[in-house]
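There are two complexes below, and they share chain A, which is joined by chain B in the first and by chain C in the second.
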Partner chain A sequence: MKMRRTMVFLILAFAIGQDGAISVQEIIQAMDNNLNAKSRVITSKMVVHGRRSSRTIESKNWVVGTNLAFTEYLSPPREAGTKMLKLDDKLWTYSPQTDRVIQISGHMLRQSVMGSDMSYNDMMEDRPLTDLYDATLEGSVEIDGRDHWILFLEAKVKGLSYPKRRAWIDKEWFLPMKEELYAKSGKLLKTSTMDGIKKVQDRWFPSRFIFRDELKRNSKGTEWVINEIEFNAEIPEGRFSKARLRK
Partner chain B sequence: MIGFLIKGIIRDRTRSFFPVLVVTLTVAMIIFFQGFLTGIMNSMFLDSAVVSTGHVKVMTRAYKEDSQLLPNDLALLDTDQIINELQKDYPDYFWTPRITFGGLLDVPDEKGETRAQGPVYALGVDFLSTDSRQFEIWKLDNRLANGRLPEVPEEVLLSTTLANRLDLSLGETVTLIGSTMYNAFTTYNFTVVGTFKLNLGPVDKQMMLVDIEGARMALDMKSAASEILGFTETLLYEDKATVALRKRYNENHGASADIFSPTMMALRDANQMGTMVDFSNAAIVIMLAVFLVIVMIVLWNMGLMNGLRRYGEIGMRLAMGESKGQVYRSMIVESVIIGFIGTVLGTAMGLGITYYMQEVGLDYSSAMEGLTSTDIIMSNVFYAQVTPELYYIGFIPGVLATVLGTMMAGRAIYKREMAQLFKELEA
Partner chain C sequence: MMFKIAIKNLLGAGLRTWLNVFVTAISFFMIIFISAMYDGMREHAMQVSIDTEIAGGAYWHPEYDPMDPMTFEDAHSVLPDAVMALVDQKKAVSVLVSQASIYPNGRIMPVIMKGISSEQTIVNMPTQMLVVDDETTIPVMIGTGMAKDAKLKVGDSFTIRWLDADRTYDADEGTIVHIMETENFKLDLNHIWVPLAKAQSMLAMENEATYVTFAKDVLPSEGNGTWIHRDIHYLVRDMEAMIEADEPNAAIMYIILLALAAMGIFNAQVLSIFRRGKEIGTLMALGMARSRVVGLFTLEGGLNAVLAAIMTVILFGPILWYFNTYGIYMGIDYSEGQMGLIIAKRLIPVYSVGLVLTTTFVVSIIVLIVSYMPSRRIAKMRPTDALRGKTAV
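Now for the complex of A and B:
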């Protein structure tokens, strides 16, 4: 695996060395390689900046590919013990207060996760961009002294929450440092940025994402801070069962 | 003089019977329509106040701007303190916190899986605190269809329509799926202890009533409330006083630029209620004016006919030396007495009919069921209302119209030629 990644980077480095000859598809592929993995275990905190105050919610996530995910909320006390399970295109949540497992579907998927600027739909759609979008290169720009490509992506599959998106991709890190997510009509729905880029297990990965729901008036955004992340960890299959929600 | 005129009226029934009858019927109609309209309007204002608007209500400015979205993240905080201040500053009103929220109601089967699910419009009402008048003003004793009233915050009442749709029985647990005041997803279990029917059109189709502490626990809204509702102690809406209160409160709290500072709305500011209030006031004035004019014309006509019938009598009185002014004034006093008698009888009759309609009402359920809008809250049964003003309001048109009618008809007295009087009498 490590060998394959090194090869990809060498190829990309070679391609870039050829006076920007890298194709758009290769940029997207490299970006997916950085952001996705066979599996990952993340301990993170979400800082939701409300209009009155900010709340911090800590959680631990276990993710395998794009179809299996399990989240357990650790704090604050009201949220502690709440769990979420994603199996393919289905999402369940368990709350210890009610001792109920409830499937989140339909319009509920558009609701905010823990009051943040992210919706359940955002959590569900983490397939590689290459599978979902056709991209075109709009140009290059320098931001904070670093070179970026500007890519415009249009959905090639139906039913996505964001049929259009524009991404500013760092030419060295192959990460979308800034993204604008649009509705089919072209209305801006969300923006996201990332910073604190670090090398984690031979890949560039941000330590902080900032999401902002542009439809929320006076939204101050949500920070998602990665405390710990481990890629390609061994996760037992039993982690992703409905029975696990009540444990 | 008055005794003489009363004798005349009693002995000469043709002089008094029809004018008294007309005044009686007209005053009775005025009293009844006034009582019926007041009843409908007051009932509508009270129902609207109880369910959503209060006679006045306090909320944050930010909440007011987006109130259609039920934005509980913009709710009032530390409501106990605000209520204490309101009670101190405005003791003629009683104040109560309210949380309005939406969500889904999920009914589990024996395995805890979803058996039924449906949208819910819920109200967190301060039912259980000491001295609360909320059970009284919601008239829940009468409106309870099944079960009992909640005794703890985790117990809820559902509208019969919602309970039937979810196929719920009393004692079952339902899970509310919604958002906290921090917009976080939340689930909370409640026990259904009763069902109610408000008889207010479509407004209670998806309604759940819960004690405010239950709502606060479910929505993570400790010491917070969407709004604080104020009601007059008499429960009668007084538009001018309420508008003055709103103006005074907002002037006192208007200096702050903070979007979370409190602001007050009067009942007339919500859901086109202002139009209804103005309509109610205008309708009563127009109705009185129309009746006054009609009765005046009728009595004028009767006065003219009476003048013809009493042509000889008046001529005789003039011939015997009474001045035209004296005759004219005596006829006006006579009309005052007739108007007074007619008004007393009409008021008694009108109050009787109004009281009957206050107790029995007019059932309009079938027509109201066709309504789909929940903006205007209106009772399915229209009741009249006997108010103190009904005891005297009839005297204005009753006496005034009789006097005005007589005054216009009596002008003929001044047209009589004194020189012709004896010739006329001889004839």
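Now for the complex of A and C:
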């Protein structure tokens, strides 16, 4: 796997070195290689900036591919013990206060997670972009002294939360440093940015994402700070069972 | 003769009789008045629901459950032929239901978005106001309660966000074209109304609907496929259940009032048997059968109910008439649904013949029972003891 990733990077570097002629598909593929993995274990904190104050919610996530995910909230005490399990397109949450497991589906998936600017769908929809979108290169731009491609992506499959998106992709890191997520009508719904890029297990990965719901006028955004991340970790199958929610 | 004696004795007791009669009359009045209020509430809720929402009944998509918004996502399809024919003949109106989020003044509010034909005349809603020339935004009609909650007025624009049939997010600008005054909070709270064709195009559900409401004179038809026919009785059952759930509270009050009246009469009967021992002895010594003496005392007690009925008509009749004519101002405007019931701003009680007869019968029976119970003691008395003034009470 490591070898293959290195090869991809070498090929991409070679391709760019020739005359900068890298295909759009290759850019997205490289971006997917950075962001997606067979599995990952993440310890992170979500800082939700409200109108008056901010809340910090710490959690640990176990993710395998695009279909299995388990999240356990660690703090603050009010949220500690809350768990979420995603199996395919279904999501269950467990709240220790009520000692109940609730399935979240349909329109509920569009509601924000713990008052943040991220919806349950945002958390669940993590399939590789190459499978979901057709991309067009709109141009290049320099931001903060770094070169970026501007890609416009349009859904090639039905049922995506965001049928259109525009991404500013760093030419060295192959990461969407800024993204605009649009509705079918073309209305801007959300923006996301990332920073604190560092090398983690031979891939570039951001240590902070910032999401902003553009429909909420007073939204100050939600930060998602990655404290620790481990790619391709061995995760036992039992982690993704519904029984685990109550443990 | 017995009746004359009974009346004479009753009136002879003076203030004691009139107090008993007054308390019984209050019981009469309260039972009739409160029951009539509940009947009025039920009738008003029914009339408003039928007028604005139910009409003659409905056909529902098999997945549709109005109490469970989670079902809305799958509760839509093209209408069955028979139902479609009713819509084409303008004997029915189809409604497409979906969940959505609106962002008035930048705040997020989950709402139920309903698409309805602007030309419909089946339900009493000002849907014609949804016809506008401007096609750049989505014309939206809301109720006064929703307008108050979302702080919206005619001409205000806000973003509407929804999930279409392909489960894809979409969003666009909506503009308030009309704020409707409705007593039916179910059409108002957390609801936005848009033209049916617009809703179908927004949701990518061309020619589809969630339910169809048909006119009052239309008979349920065959050939409605898997769609479920819901009659008026079914559609108002929640409303009726809520009113019924509240009725035990009123029943407790009736029981307290009746108990007060019954205790007064019981007490008066016990006292009169104790005080009128010599009279009882004389009557029995003169040959009056014990059963007739018991009957006399029971009749005296029972006449309380008759006098109470007359007093109710004289004292409380004008009050009942006034409320029936002008209604009762509820103090607070419950019409926006805070109570979870359709309640008129001025509630008009409904006095039915059945209600008056039932109340009279129940109160009379109770009064007769409490009059008879102490009178039974007379049957155990010996005339000689009674003449000496020794009573068994």
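Just so it is clear, the second predicted complex is superposed on the first by the 247 of 247 C-alpha atoms of A that agree within 3 Å, B and C clash if a C-alpha of one lies under 4 Å from a C-alpha of the other, contacts with A are read in each partner's own complex, and residues count from 1 in each chain.
Just so it is clear, a contact is a pair of C-beta atoms (placed from the backbone, for glycine too) under 8 Å apart; a residue touches a chain by one contact, two chains touch by 3 or more.
Model, not experiment: these values are computed from the prediction.
Overlay on chain A: chain B and chain C clash in the combined arrangement. When the two structures are aligned on the shared chain, A:Leu215 is found in touch with chain C, with no touch to chain B. In the superposed model, A:Ala183 makes contact with chain C only, not with chain B.
In the overlay built on the shared chain, the residue A:Ile102 is in contact with chain B alone; chain C does not reach it. By the touch criterion stated above, A:Val48 is placed in contact with chain B alone, chain C being left untouched. Of the two partner chains placed by the overlay, chain B and chain C both lie in contact with A:Gln111.
After overlaying the two complexes on the shared chain, residue contacts for A:Ser161 are found with chain C alone; chain B is out of touch. Among 43-51, 169-177, 223-231 or 295-303, the region of chain B with C-alpha atoms clashing against chain C is 43-51.
In the three-chain superposition model, chain A touches both chain B and chain C at residues 108, 111-112. Contact residues of chain A toward chain B in the complex are 48, 50-52, 55, 57, 78-79, 93, 95, 97-104, 108, 111-115.
Residues of chain A that touch chain C in their complex: 105-108, 110-112, 155, 158-163, 183-185, 187, 189, 213, 215-219.
For chain B in complex with chain A, the touching residues are 62, 73-74, 104, 106, 108, 112-114, 175, 177, 179-180, 182-189, 220, 259-260. The touching residues of chain C, counted against chain A in their complex, run 69-70, 72-73, 99, 101, 103, 105-108, 110, 159, 161, 163-164, 166-173.
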